[in-house]
Amino acid sequence: QAQPPIKIGINAPIQVQVGRDIRDGAQLAVDEINAKGGVLGRQLSMVVADETEDPEKGISAIKKLTADEKVDVLIGGYTSGVTLAQLPHITRAKTIALTVGAASPAITAKVKQNYDTNKYIFRTGVLNSLHLANGLLGYMTGFLHGELGLKKFAIVGESAKWVQDLLPYLKKSAQDKGLEIVMAETFDTGTTNFSPLLSKVKNSGAEYMVVILSHASSDILAKQWYDARVPVPYGGIDVKSQDTDFFERVGGKSLSEVAINFIVRAPLSERTLPFFEAFEGRYKREPVYTGAGAYDSVYAYADAVTRAGKLDTDAVIKALETIDMPVTTGRMQLDESHDLKAGAGLVNLLFVQWQEGGKRVIVWPKEARTGDYVKPQWMN
Amino acid sequence: MTEILVHGAVTSAIYAMLAVGFTLVCGVARILNLAHGAFYMLGAYFTYVFAVLLGLPLLLAAVAAIAATAAVGWAVERWLIRPQRDSNMAVMMVTMAFLLVMEQAVLVVFGSEVINVPAFVDRKFSLGNADIGGQQLLTLAMAVVSLLALWLLIQRTRMGAAILALSQDPLAAQYMGIPVNRAYGMVVALSAGFAALAGVMAGPFLSTSPQMALPALTKAFAIVIVGGLGSLSGGVLAAVLLGYAETIVAFLVSSSWTEVVSLGAVLLTLLLRPAGLRGKRAAF
Amino acid sequence: MSLLEIQGLAASYGKAVALESVSLQVQPGELVGVLGPNGAGKTTLLKAISRTLPSQGTLAFQGQSLHGREAHEVVGLGICHCPEGRRLFPELTVRKNLELGAYLRPSRAEVEADMEKVFALFPILRERLEQVVSTLSGGQQQFVAIGRALMGRPRLLLLDEPSVGIAHRLKIEIFDAIRAIAASGVAVLMAEQDAQNTLRVAERVYVLENGRVARQGSSAELAGDDHIRRIYLGV
Amino acid sequence: MSSILEVQGLTKRFGGLTAVKDMRFDVGRGEIVGILGPNGAGKTTLFNLLTSFIRPDEGRALFNGVDLGRHTPAQVVNLGLARTFQLCRPFVGMSVLENVMVACYSPRGRASGEGPRERSLRMLEDVGLAHKADTPAELLSYGDQRRLEIARALATDPLLLLLDEPFAGLGSSEIEPLSALIRRLHGERGLSILIIEHKLREFMQLVQRVVAIDFGELIAVGDAQDIVRHPKVVEAYIGKSEVDLVTA
Amino acid sequence: MKITLRQGALLAAVLALLVAVPWLGSGYMTGVFTVCLIYAIWAMSWDFFSGLTGRENFGYPLFIGIGAYASAYLDANYGVSPWIGILAAIGTAALLGVAIGFPTLRLKGPYFALATLAAAAIAQRMLLILWDITGGEEGIQGLTPLVYDSVHYYYFVLATAVVSGVVLVGLSRSRWGVLLRAIRGDEASCQAAGINITFYKIAALVISAVFAGLGGALYASYQMQVSPQIVSVLMLVAVVTMVYVGGLGSVYGAAGGAILLSLLGEMLRSAGEYRLLVYALLLIGVIFFLRGGLVAPLWRRLGPTPREVAP
C-alpha cells in the first residue's frame, strides 16, 4: 500500500553558503510538505549531489542523480557555467529540472529554440539577468534620474560573458533614455585592487556608479570605495551584497550601497515572513536568495504534481507551465520559455539600500518603498 | 599621474612583502614552498581571530598573528618539508596539500565569504588628487621598514651569512658548522612571518577569504620569476615593476588586462632572461 | 691521550658496506696520511669522522664521543673537513667562501689575519678575492677549498685528496704547506692518492683496502715496504 | 692534410681576463698530444672552445678541415670529437650501463652498427667497469666515475678524444691500467688524443708531443722530452729541482 | 625488459575489470570510469614527459585545453564532426607543443615549470577576455558526442587509453626512455655524448601534448561542453596528483593513480564541504607513508627480481 516516495534530486555546490542554502531550503519545504501528508499521498524524499563550481563535477552530479538515483525532479544549480554545461545531460535524461541559482538567459532560451528537446528545463528560483538589466534600467531612469536628477553614470562590471552580453544593451538603452554614460568598463573577476578603477570613476565625472557583479569580490569593492571616500555613490546588480551579513562582513563600509534583490524580510507575499521564521528557527541563520528559491521550487513542483494528478513527466511539465502560486518572493508565474516572470505583483525586483546599522531599506520601486534614500556620509 | 604613483606604490609594497619570503625559501632551501599562500591567509585570519573573536588590542593581535604564522611556518618545515626534502616534487606536493588543507579548514570554520579584518587606520588621505585609505599608506610604510630590516639581517648578521651559504650548498654549509636544519626552519618561519605581515596589513582592504591563498601564491610566483629565484633585491624590483605595470594598465587600459600583463611579464622574462632580472646564473 | 681515537669503526651506504672495523689514532699536531686505492673507503672514513655519515664503533675526539653529535657541532669542537669534490659555495665570491670558513668564529680581525695566512699559501687568491668561485679554474678552486678549511682554525683538519687537479709544481708546495700547517700544531688527517708526496710529508700512514686498514706505520717504514712500493709508488 | 685538428688563433676573454689568447697548434692524425700548464692557464677553457660549449671571441679551430665554431656541442661530437669533463658528471638515477648507452644512441654510436647494449658492455669491458654495469652511476667511487666518463666518450666512436685530467683522483694502481687503455685505444683504433693532466710522470710516459701554455698563451710546443727542459716550462710549471724526477 | 607473469596477471585482471564495468556498475559508474580513463591518458602522458625529463610541465592543461577548445569550436561554429575534431585537437596540440617547447625547453628545473604555468594562466585569462570567441567563463556548450551510446563511448575511451598506454610504455622503454632520463641528469654530458637534446626534448613534449589534446577532445565531446576550468590550476593539480599518487616515472603508476583518485573523488562526494579537506589529508598521508606512490612500487614488486649486483 505504501507507495515509494517521490525523489527529489538536489544539485548544489555544498562548499559555498548559497549552495548549502539550496539544500537546506529544499529540505525545509520537503519536511513541511511531508508533515502535511506529502503529495498525492506519497512522501517526498531528497538526495543531494555536490555539483561544486566545476562543470565536470556538475555534470557527474546530474548523472548520479538521474542514472543512479533515478530522481523524479532536479532542483538546484548555482553557477551559470555549470548549469549550462549540465543542460544537455539533463535533457538526455529527460528529467525535469528546476534551476534556482543561475541567471543566464541562455539557460531557458533553449526551451523556446527547441521545445521538444529542452522542455524539461525551468527556472523557478531567480530572475534572469535580462530582467535584472531591465530593472536596473528602470532604477537608473526612474529613480536616479527621475527622482534624484542624476545624469552622468559610470557602469562597471566584472569581465564575464553575461555582463558582456548585458553591457551594450544597458548602455544603449540608457543613452536612448537621455542618460549620459561617461564610462563603461569591465574588470577581471579576480581583481583585488579597485583603486585604479575607482579613481577612474571619480575622474570621469560620473554622478553614480552602476555595478554589475556576481562572482567578483563585492566586499573589497565596498571597502576600497569607502576607504578612499569615493565621491560617487554606487549600486546595481551585486549578488554578494544580497547576503544578509554583507554589511557586517565589510565592517559597515557598504553603507548607502543599493543592490537589486528579490527576497528581503518584508511581506512580499503571505509566505515570506513565515519562511524566514521557519528557516531561521531551524538553521539559526538567515537564508540567502537561493534558499528561498529552492524552497519555492519544491512547493512549485509539489503543486504541479498535485494538479497533474500523476508523476508523468509530460503532465507535470504542462502543469508547471501554468503555475500560478504565491511564493516567498511574490507570485510565481512562468513565461513561454519556462522562465520566472518578473514585475509588480509577481516576483519583483527590489532596490535595497544598506543603511545605518545594517538596516535594509527598499528604495525602489516606489510602491514597495520602505524608507528614504541616503547619500554616502562624505557627500553631505 | 599622482594616482598611478601612489596606488602603484601600495600595490608594489604588498607584492614585495608577499614575495620576499617566497624567494628566500626558493633560493635558500631550493624548494618551491607552495604553502606560502596559506601563510598570507593565516596572517589575516589570525588577526581576525585575535582581534575580533578574542578581543585583543589590534596591535597585539597583529604581532601575535605574525608570530603564530611564523610558528606554523616553522612547523611546516619541521614536519612536512624536512622529511621530504630530498625530492622537489614531494615537497611541492606536500606543501600544496598543506595549502589545500588550510584553505579548506578556514572555509569550514569561517565560511566561504570575505571576513572583516580590522584596519589600523580608518581615514582617507589625499595626496595630490589621489584619495587613499590610511591603511593602504600604512602598508606602504610597513613594507619599506620591514624590507630594510630584512636586508640588514641578510647582509650584516651571521644568520644572513648562514642563509647565503645554505643557498649555495647545504652540505658544504654543514662543513662550516652551520646548523642546517635549524637554519632551514628559521628561513621558512621568517618567510611565513613576512607573508603574514602582508596578510595583516592588506587583509583589511583586500580580500580576506579562503580563496585568497592561491592568487597570493601565484602572484608571489610571478614576482619571484621576474626577479630571479632567490634574489631578494630582484624580488623587490619585480614587485615594483609588476605593481606599477598592473596599475598603469588598469588606469590606461582596463582592469581586466592586469592579470594578463603580469603573467605576460613573467613569460617574457623567462624567455629573455631565464634566471630573472637579478637571478644568479644557474641559481638552481 | 690521542686527539682522535677510532676503534672498530664501520659504515655503510644502504646495504653496501664501505668501512668495516677501522681503528686509527691521530695525536695532536700530527700529520697522518690515509692511502688506498679507489673505493677503499677513505672518503667514507673522513665523512664518518665529520659526522656527515652515520657509523658504528668508537669515535672519540679529545676523549669525547662524536656519536650522537651532528655535523655542525663537530665543527664547533674543532674538526674542519675539506671534502672530496671541493664543495665550494659556487655562486659566492672567494672572499665570502673564505669568510664562511670562519663561520663559528666571527671576529673580524681574526678573519682578516687568517685570510692573510691563506694568501701566503695561495697568492693567486688575493687577486681573485672578488671573483665568483664557479669561474675559477679547477686548481684555483682547490686552493679555495683548502683555504676555507683553514679559516676554521681547526684542531683537527680532515683533507680529502687535497692535491687533486693541482699542477705539478704547486702540488709539491701544497704538500709542504700541509706539513707546515701540522707543524703549527694542527693535527691533519689526509686522504690521498699521491703516495709519493704523502709518504714524503706524513709522519704516519694508514693504508686502507676494501674498507679495512691493510697496513699502517711510519712513513719511513711504509716507504720501504715492498707491497706499498709496488702498488702505490709504482716502482 | 695530416692534421686532424688545427687550432688557429683561438682567443677567449672573460671580462678583463684573457683566459685563452691567440692559441695555435695542430694535432696530427693518430697522435697523442698533451697540454701542460699551471692551474688557471686556460686548458679547460680551450677544451670548452674546441667542443663549442663556449664560443671563441676570435680565431677558429678546424677539425678535419671543418670549422668547429659553427657547430653545437652535440654536432661536434658527431663529427668525431669527444671529450670528458674535469669533474665527473654521470647521469644520476641511471645505471652505469645506461649511462654508456646514451652515448651509443648518438649518430656515430649508432652508425657503428652494434646494438647499444652490446656496445655499451664492450666499452665498459674496455675501461674495466663491466662488473658494475648495473650499479647506479652516482654510487661509483671517484676513480670509477672517471672510467665511466671515458667509456661514455668512447661509445660515440670518436676520432679525436679530449681528456681533461683523466687521472685526477686515481691512485697509481688505477692509473696504470687506464694509461694502458689509452695507449691501446691509440694503437688499435688509431685514435688521436689530446690530454690535459697534472700527474706528470704518467703524463710524460703517454704523450708524444706537448703543448705548454701559461696565462692563456702558448709558451712552447714540441717533443715531450724537450718540452720538460724548456726553460719557460720549467719556470712556469715544473720547478727546477724536479726535472729529473719527471723525466726519469 | 618484458613484463613478468605476475605483472601480466595484474594487468589482465585490471583490464578485465575495466571491460566489465558496464555490467558491474550502473550507467552512472560507466560515466565515472569514462572520465577516469581520460584522466588516465592525461596522467600517463604527463608522466611520459615530466617523469622522464624531470621538467614538470605545469602548462599541461594548456595542451588539454587547446585540444578541447579546437574540437569544440569547430563543432559549435562549423558543425565539424567530432571525429575530425579529434584530429584537429591532436594537430593543434602538437603545434602548440613545438611553439611552447622552443622557447621554454632550454629552461631548467623550476623555471620550466613556472614558464609553462604562466603560459597556461595566460591562456585561461585569454579565454575570458576573448569571450565572444570562446564563450567566456561559460565556455562552449551543446557539443555533439562522438558516440551517442554511453557504453559504446566508454569502450571507445577504454580502447584509446589502452593504446595510449601501450604507445607510451613502448616509447619509454625504447631509447627515448634512456635519453630523456639522461637529459634530466645532465644536459652538458648529453651533448658531450653527441645527443641532440633540443630535438628529443621538443619531440617528447609534442608526444605528450598530442595525448593531452586527444584526451581534451574526448573529454569535451563526452561532457558535451568545454569551459575555462579545463585549463585551470585545478586541472593541473588533479593530473599531477594522480601521477604522484600512482608513482612518478612509471606509466603504469600514472594510469593506476588516475583510476584510484577518480574513484576516491567519487567516494568523497558524500563528504560535502569536507571533501577537499579529506582529499588533501589523504594526499599528505600518501606522500609520507607511501613514498614512491601507491601503484608503481607494487608494479615493481611484481616485476623481475633485480640481478645481483656484483660486489
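Order of writing sets the chain letters: A, B, C, D and E. Residues in each chain are counted from 1.
Keep in mind that, in the parts below, a contact is a pair of C-beta atoms (placed from the backbone, for glycine too) under 8 Å apart; a residue touches a chain by one contact, two chains touch by 3 or more.
Bear in mind the structure is a predicted one, so any value in this text is a computation, not a measurement.
Centroid distances built from C-alpha atoms place A farthest away from chain C.
In whole angstrom, the spacing between the mean C-alpha positions of chain A and chain B is 37.
Work out the mean CA point of chain C and of chain E, and you get 50 Å between them.
Centres computed as Cα averages put chain B at a distance of 32 Å from chain E.
With each centre defined as the average position of its C-alpha atoms, the distance from chain C to chain D rounds to 29 Å. Residues of chain B in contact with two or more other chains: 107, 256-257, 259. In chain A, the residues touching two or more other chains are 15, 159, 188.
According to the touch criterion at the top of this document, the contacting chain pairs are A-B, A-E, B-C, B-E, C-D, D-E.
Of all the residues in chain C, the ones that touch chain D in their complex are 13, 16, 35-39, 43, 84-85, 124, 135-140, 142-143, 161, 164-172, 193, 195, 231-234.
Here chain D touches chain E in the complex through residues 51, 53, 72-75, 77-78, 82-85, 89-94, 98-99, 101-103, 105-109, 116, 131-132, 134-135, 152-153, 155-156, going by the rule given at the top. Against chain E, in their complex, chain A makes its touches with residues 14-15, 20, 48-50, 54-56, 59-61, 63-64, 67-68, 80-81, 84-85, 87-89, 104, 106, 159-162, 164, 188-189.
Those residues of chain C that touch chain B in the complex are listed here as 50, 52, 70-76, 80-83, 87-92, 96, 99-101, 103-104, 106, 134, 148-149, 152. Those residues of chain B whose C-beta lies close enough to touch chain E in the complex are 26, 32, 80, 83-84, 88-90, 92-94, 96-98, 100-101, 103-105, 107-108, 214, 218, 221-222, 225, 229, 256-257, 259-260, 263-264, 266-267, 270-271, 274-275, 284.
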